[in-house]
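Same chain, two partners: chain A is paired with chain B first, then with chain C.
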Partner chain A sequence: MTVVQAGAGRRRARHGHLLPWMLVAPLVLFIALLSLYPTAATTVESFFRVSPLDPPTRFNGLANYRALFANSAVTTSWVNTVVYAAVGVVASTILGIAGAVALKRRFRFRGIILALVILPWALPAVDEAVIWNWMYDPNYGVVNSVLHSLHLIGGYHVYLGLDRWLTVVLIEVVQVWQMTPLSFLIILAALQSISPDLYEAAQVDGASAWRMFRRVTLPLIRPAIAVAAVQSLVLSFNVFDQVYVLNGKAPLGSSLMLQTYLTTFQNLDFGGGYALSLLVTLATVLLSAGVIVLIYRKPVAT
Partner chain B sequence: MTVSVTRQHSPAAPGARPRPALRRLRPAGRRSIRLLGRTLSVLVILLWSLFPLYWALNTSLTTLSGAESRPAHLVPAPFSIASYQQLLGVTGSQSGFASQFGRSLLNAVIESGGAMVLTIVIAVLGAYAFARMEFLFKRTIFVSVLATLLLPAYATLLPLYRIMSSLHLVNTYLAVILVYTSGFLPLATWLLFNYFSSVPKSLEEAAFVDGASWLRTLVSIVIPVALPGIAAAAIITFLLGWAQFLFPLVLTSDLSSQPVTVVVAALNGQRIVPFTLLMACGVLTAAVPGIVAIVLNRFIISGVTSGAVK
Partner chain C sequence: MLLTAAACSSGGQQIGQGSTNSGKSSITVDMFYPSPPKAVLAQFTKQTGITVNWVEVGYDDLQTKISSAASSNTYFADATDVDWSRVGEFAKTGWFQPMNQWFNPASLKSDVPQIGTFEVNGKLIGMPFDASFMVTTVNTKDLTAAGAAVPTTLDGLTAALKKLQAHGMAAPLDIHLAAAEGLSTCWYQMTAAYGGQVLSAQDAPQFTAPSSAGYQAIAFMVNAYKSGLVAKGNIQETDYNGLTAEMAKNKVAAELCDYSGSVGSIYDVPSSSSVVNQVEYVPTPGATGAAPNVANPDGIGIPTTARNPAAAATFIKWFTDAKNQAIWAGLDGPSSVISGFPLPMRLSGLELLAKSGKVPQADELETLLRQHAQAPFPQGAPSWYSQFSNAVYTNIHQAAAGQETVQQAVNNIASQVSTLKASG
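Moving on, here comes the complex of A and B:
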C-alpha cells in the first residue's frame, strides 16, 4: 500500500519535472540546430579555406580576413553600408517621431489611416523595390515626370547607377519608406502612454508647444526612440533586397549583405563569406549596443 | 482625449496664451487653423505611405503606351486590365508566364503558411512553459532563445545553406519552412510569453484543482483566452514569411519551390518584361499581405508594440 502510493507520488513528481522540458524541447532544438550551431559554424569556418569546387577544406588562419581587407569591392560595400545605416536610422526615426506626434490625438478615420500607414511595413521589400525602380525609371518614371512638370529639372535623368552617393541615398529612401511605420508605431505607443496631467501642468506653467515637446515628451519617449532606432539600424545595416533590385550586382551601391552573397554564391569563396559574415555580425551587435547606450545615457538637453 | 480637448472647450483658460500671430483670431478661427494643420499633416503622411502603391496600381491598369507617356498619366489612361488577364492566364499570349507566376504564389502560400503553423505550435508550447512553470536553467534557456533575435541573417545564412545542401533539402518546401521557423521562433515566443504572462492564472488553477491535465487546460482554457495574442503572433509570422527574399534566393533555384518574391525579382532583372505586367505582379503579390494588414491591423499594432516596448 505505502509502496504503491510512494511510486505514484514519485511518478507524478517526475512527470511534473519533465513536462516543462518536453514543452520547450522543440523550441530549444530549432534554436540550437538552426540558429546557434550555424552561428558557431560561421565563426569557426571563417578561419578555414572552404571552397566547394576546390576541396579539401583546411585551416587558413587569418588569410580570409586579410583577403577581405585587400579587396576594394569589400571596402566599398563597408563604406556604403555605413551610409545606408546612417541615412536609414536618422530618417526613419525623425519621420517616425513626426508621424506619431501628428497622429497622436484621436480623430475620425484615425483607425483606417493607421491601417493604411503600416502598409509599406507589411509588404515584401522586393516588391516595393521593383515598384520604386519603375518610379525612378530614367525614361518614363513618375519621379522624372513630376520634377519636370514642376520645372525642377530641365530633362529626364538617370538616377540610379551613375553617382555613387545619389544611388545609395535613393535606395535607402525605399528602405526608409518601409521601416518608418515600425518606428512610428513604437513611438506612437509610447506617446499615448504619457499622462495628460503632465501636459496640463506644463501648460499652467506657460510652456510653449515646442518646450513641452522637448521637456515633457522627448524624455518620456526616449526608451521607445532607442528601440525604434536599433530596429532601423539592424535592418538598414542588413539591407539586401532593395540593393539587389535597384543596384544589381555592381560594386557602386553594393551593401555588405550583397557583398557577402556575391562572395559566397557567385565567387564560391565560402571561407571569405564566413569571415565577412562574422565581421558584420560583430559590427551589428556592437552598433546596436552603442545606440542603446547613447540614447539611454544622454542627459536631457535643456 | 488629452489636453487638446480641454483646451478647445475652454479657450480662455488662464495661462494658455495665444501666439502673437494668432492673437486677433477668435477661438473658432484658431481651432480651424489647427484642424487645417492636422488635415494637411495627415494628407502628407498618407501621400508618402500610399503613393508608390497607388502608382503600381495605376501602371498595372493601363497599356504599355499609356504607362510610357510623358508626362505620366496620374490616372490609368487608357484603362486596361490586359496585364491581369495575362497574369491570370485568361489570355493565352503569355500562358507560360501565368503558370510560373501562379506556381510561385502557391509556393509562397505553402512556405509562409507552413512556417506560420509550425512556429505558432512550437512557440505556444515553449512560451506557456516559460510563463507558467519553473524548471532548471529556465532563465538561461529563455535568454538564449531571445538573444538570437539580435543575430543578423549574416550569422546563419551560409551554414544553413550548407546544412540543407548536405541533407539534400535544397529546393524543397521543407528546407524553406524549417529555416523560416528557426528565424521567427524567438519573436513569436517573446510575443506569446508576454501575452501568457498578462493572462490571470486563476482560471488555470481552477481547472487544475478540478483535475484537468495540462494539455486539456492549455487547449480549452489558456489558448481561447490568449487567442488575440496568438492571432497577432501568427499574422506577424505570416507577413514575415511572405516577405522573405534572401533565404529563399539561396535555398531554392527553380519553380518547384521558389516563392513569388524570388520570381518577381528575377522578372525585374530580365529587363524585358513590360512594366505594366511587372506592376500587375507587384500588385497581386502585395495584395495578400496588404489585405491581411488592413483587415487585421488591430492585432498587428498590438503585437508589434507589445513586442517592442516592453
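Moving on, here comes the complex of A and C:
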C-alpha cells in the first residue's frame, strides 16, 4: 500500500515538473516562430547583399554594416535616437513618478483627471503627431498664437525643420507626451500596493514626507520604475511616427527606425535594412538591460 | 516587423506568379485614388463579366506595399499603380509584366504623348491613365489689383511678385520645400523653366555648373525663400497643402509647381476655395519665354504575381478608354463623375472635354500638353530614382533651411548620382 502511494506520488511529482513546461510551451513556440526565427533570418541575411535592384543575393561580409556607418544620414540618426531615448526615458519616468504621487490619494474629480491623463497614451501616435504638427505650424499654429499674444515673440516663428536640436526637442516633447501616461499608470499601480502601515510606522519614527518618499516609496516602486523606464526606452528607441509626421524624411530630426524604413523600402537595400534593424534591436536590448541593472542596483541615497 | 516578414519570405514560394486562372472573373485593383462609383464598376462587370475589388491605399503606403509584396513574390493585386518615377526600378526588378501584348505603344504615341515615360527598352511597364503634368497657375485677380501683368518669363514673374508684395500680399509665391517627393518634382519643373534637364541621356548630372539650368533652378528656389517671396513656413510644407491651404485660400498668388487639373478640382470648388474663377493656367514662365511643362503621369500596370492578368488587361483597356475617361471627368455631367479623377490620359479624351466646355480651362491644358509637356528624364526615370530623389529633396531642403549652400547641395546630389551609377 505504501509502495503504491509512493509510486503515485512520484508520478504526480513528475507531472508537476512537466506541467509548467506544458503551460508555457505554446507561448515559447509562438515566440520562437514569430520572433526568434525571423530574428535569426534577419541576422544571417544582414551579411548578404539582398536587393531586387542588384541581384543575385550574395554574401558580402560586413559590407552592409560598413556602409551604414559611412552613411551620414544614418550616423545623424544614431545621435538623434540616443537623444530621443535618453531624454524620453528620464523625462517620462520623472513625470510618471510625479503624476503618480500627485494622484495617489483619492479626491474629487480624480477619475476624470486620470482619464484625461491617460488620453495621450490611448491615441494613435500618428494622430498625436498630426495634432502637434498643427500646433507647431508657423502660420496657423496655437504655439505661435499664444506666444505672440503674450508678447513673448515679435513675429511668427518656424519651429520645425530649420534648427536640428530645436526640431529634435519638439519631436521629443510629443513623444514624452505620449509615453508618460503608461509610465504613470505602471508607477501608480505600484504606489497603491504599498501598505499604509509602512508610512504610519515611518511617521511614528518622525520621518519627513521627503524622507518617507526616498526611504519607503522609492525602494518599493523600483521594479515598477524599471518596467516603466524599459517601455519608454523601447518606444523612444523605435520612434517612427512622430518623426515622420513632424519632420518628414529630412535628416535633421531623423530616427533609426525612419532610416531603416528608407534603407529597406525606398532604397530597396534589404541587406542594409536587416543590418540596421539588427543593430537597433541589439542596442535596445543592451540599453534595456542597462536600465534595469542601474535601477535595481543603484542604492537610494539617504 | 515588416523587415522580419520580408526576411522570412525572401526565399519563399512564389504565389500566383504567371497564373492566368481564366476561370476566375474577379480582379483586385490597388490604387491611391478613391473607388469609382459602384454604378460605374457595375457597368464594367455587366460588359465583361469581370468583378472589380477596388482597394484604396495611400500613395506612400501603396509604394511600400508594392515593394514588400513583389520582393517576396506574394500576390496582392491584379492591377496597381505604376508611378512614372518607378518605371526604371520596375523594369529592372521585373515586378511588372510588360503590357505590349495588350497595348501597342507606337500606335498610341500620337494620342498618348506621355506613354514613352512608361517604356523601357521597348517594354511597356505600365499604361498611363492620366495626363498629369506640372503647370504654372496665377491668381489673375490679385495680379490685376497689384497692377502686374501675367508673367511670361522668370524675371517678369519676380517683378510681378514684388508688386504683389508692395500691394500687401506678404509672401505671394508658393514653393513647397518640405523634404518630400514634391520638392524633387518641383526642381525638375524649375530646371525645365530654365531650359534644361537634370540628367543627360547617360544619366550624367547636368546641374553642377552655376550657369546650368539645374543650378539656377535651385538658386531661384532658395533665393525666393530667403528673400521672403515664399513664406517661411513653407520649409515644412508639402505640395498638396500648398495648393489647398495657400493658393486656394488666397495666401499666395502664384504656383510654379502646380498640377494640371487643380483649377477644376481645387480652386474652383466653392466649398473649399476663396479664389473661385480667379486662378488660371499659364504657359510656364521660362528664362526667355514659354518653357516646357514636366509630365508626371500616373500609370497602371499588372504585377508579375497577378492571378488574373488577362482580366486586369481588359480592365485597364476599359479604364483608359478616351470616352470613358472624358465622362468620368465631367463630359456627361456630375452624375458620372469619379471624384478627384485627373485629366484624361488621351488627347482625344481631353479634346472631348475641351469641346464640351464643362471642365475649367480644358482647352488651355490641352494646348500645354500637346505643345509643351516633356518627360523629366530624357531616357526615362533611372532604376535608382528613389535614392536620387531622396538626395534631391534632402539637399534642396537643407539649402533652403540654411544648413548648406546651393553649391554644396548640387555637389552632394551629383556625388550621390556617381555612387548610384557606380553601384549599378
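We take it that the second predicted complex is superposed on the first by the 268 of 302 C-alpha atoms of A that agree within 3 Å, B and C clash if a C-alpha of one lies under 4 Å from a C-alpha of the other, contacts with A are read in each partner's own complex, and residues count from 1 in each chain.
Please note the rule applied: a residue touches a chain if its C-beta (ideal position, glycine included) is under 8 Å from a C-beta of that chain, and two chains touch if they have at least 3 such contacts.
For clarity, every value in this text was computed on a predicted model and none was experimentally measured.
K.L.:
Looking at the combined model built on chain A, do chain B and chain C fit side by side or clash?
P.N.:
Once both complexes are aligned on chain A, chain B and chain C clash.
K.L.:
Taking the superposition on A as described, I'd like to know which of chain B and chain C A:G161 touches: first, second, both or neither.
P.N.:
The second partner, chain C, only.
K.L.:
Does the superposition put A:L294 against chain B (first), chain C (second), both, or neither?
P.N.:
A:L294: touches no partner chain.
K.L.:
Please work out whether A:Y274 is in contact with chain B alone, chain C alone, both, or neither, and reply first, second, both or neither.
P.N.:
A:Y274: touches chain B and chain C.
K.L.:
For A:I186, decide between first (touching chain B), second (touching chain C), both and neither.
P.N.:
Once the two structures are laid over each other on A, A:I186 reaches chain B alone.
K.L.:
Quick check on the superposed pair: does A:Q231 touch chain B, chain C, both, or neither? Answer first, second, both or neither.
P.N.:
first
K.L.:
Just checking: does A:P251 make contact with chain B only, chain C only, both, or neither of them? Give me first, second, both or neither.
P.N.:
Only chain C is touched by A:P251; chain B is not.
K.L.:
Classify the contacts of A:V126 with the two partner chains as first (chain B alone), second (chain C alone), both, or neither.
P.N.:
After superposition on chain A, A:V126 lies in contact with chain B alone.
K.L.:
In this superposition, which partner touches a larger number of chain A residues, chain B or chain C?
P.N.:
Residues of chain A touched, chain B against chain C: more for B.
K.L.:
Please indicate which partner A:P38 is in contact with in the superposed arrangement: first for chain B, second for chain C, both, or neither.
P.N.:
The answer is both, since A:P38 touches chain B and chain C.
K.L.:
Under the stated touch criterion, which partner chain does A:D137 make contact with: chain B (first), chain C (second), both, or neither?
P.N.:
A:D137 contacts both chain B and chain C.
K.L.:
Can you give me the overlap between the chain B contact set and the chain C contact set on chain A?
P.N.:
Residues 35, 37-39, 41-42, 45, 137, 139, 156, 248, 260, 264-265, 270, 273-274, 277, which sit in both footprints.
K.L.:
Using the touch definition from the top, list the residues of chain B that touch chain A in their complex.
P.N.:
1-4, 6-7, 13, 15-17, 38, 41-42, 45-46, 48-50, 52-53, 55-56, 59, 67-72, 122-123, 125-126, 128-130, 133-135, 138, 141, 144-145, 148, 150-160, 162-163, 178-179, 181-183, 185-186, 189, 214, 239, 242-246, 249-250, 261-262, 264-265, 268-269, 275, 278-279, 281-282, 285-286, 289-290, 292-294, 297, 300-301, 304-305, 308-309
K.L.:
How about chain C: which of its residues touch chain A in the complex?
P.N.:
It comes out as residues 2-8, 10, 63-64, 67-68, 70-71, 89, 92-93, 95, 178-180, 231-233, 235-236, 238, 251, 383-384, 386-387, 390, 393-394, 397-398, 401-403, 423-424.
K.L.:
For chain A, which residues are in contact with chain C within the complex?
P.N.:
Within the complex, chain A touches chain C at residues 35, 37-39, 41-42, 45, 50, 52-54, 57, 73, 137-139, 156, 158, 160-162, 164, 248-252, 260, 262, 264-268, 270, 273-274, 277.
K.L.:
Where on chain A does chain B make contact in their complex?
P.N.:
Contact set of chain A toward chain B: 17, 19-21, 23-24, 26-28, 30-31, 33-39, 41-42, 45, 99, 102-107, 113-128, 130-135, 137, 139-142, 145-146, 148-149, 156, 177, 181-182, 185-186, 188-190, 196, 199-200, 203-206, 223-224, 227-228, 231, 234, 237-238, 240-241, 244-245, 248, 256-257, 260-261, 264-265, 270, 273-274, 276-278, 280-281, 284-285, 288.
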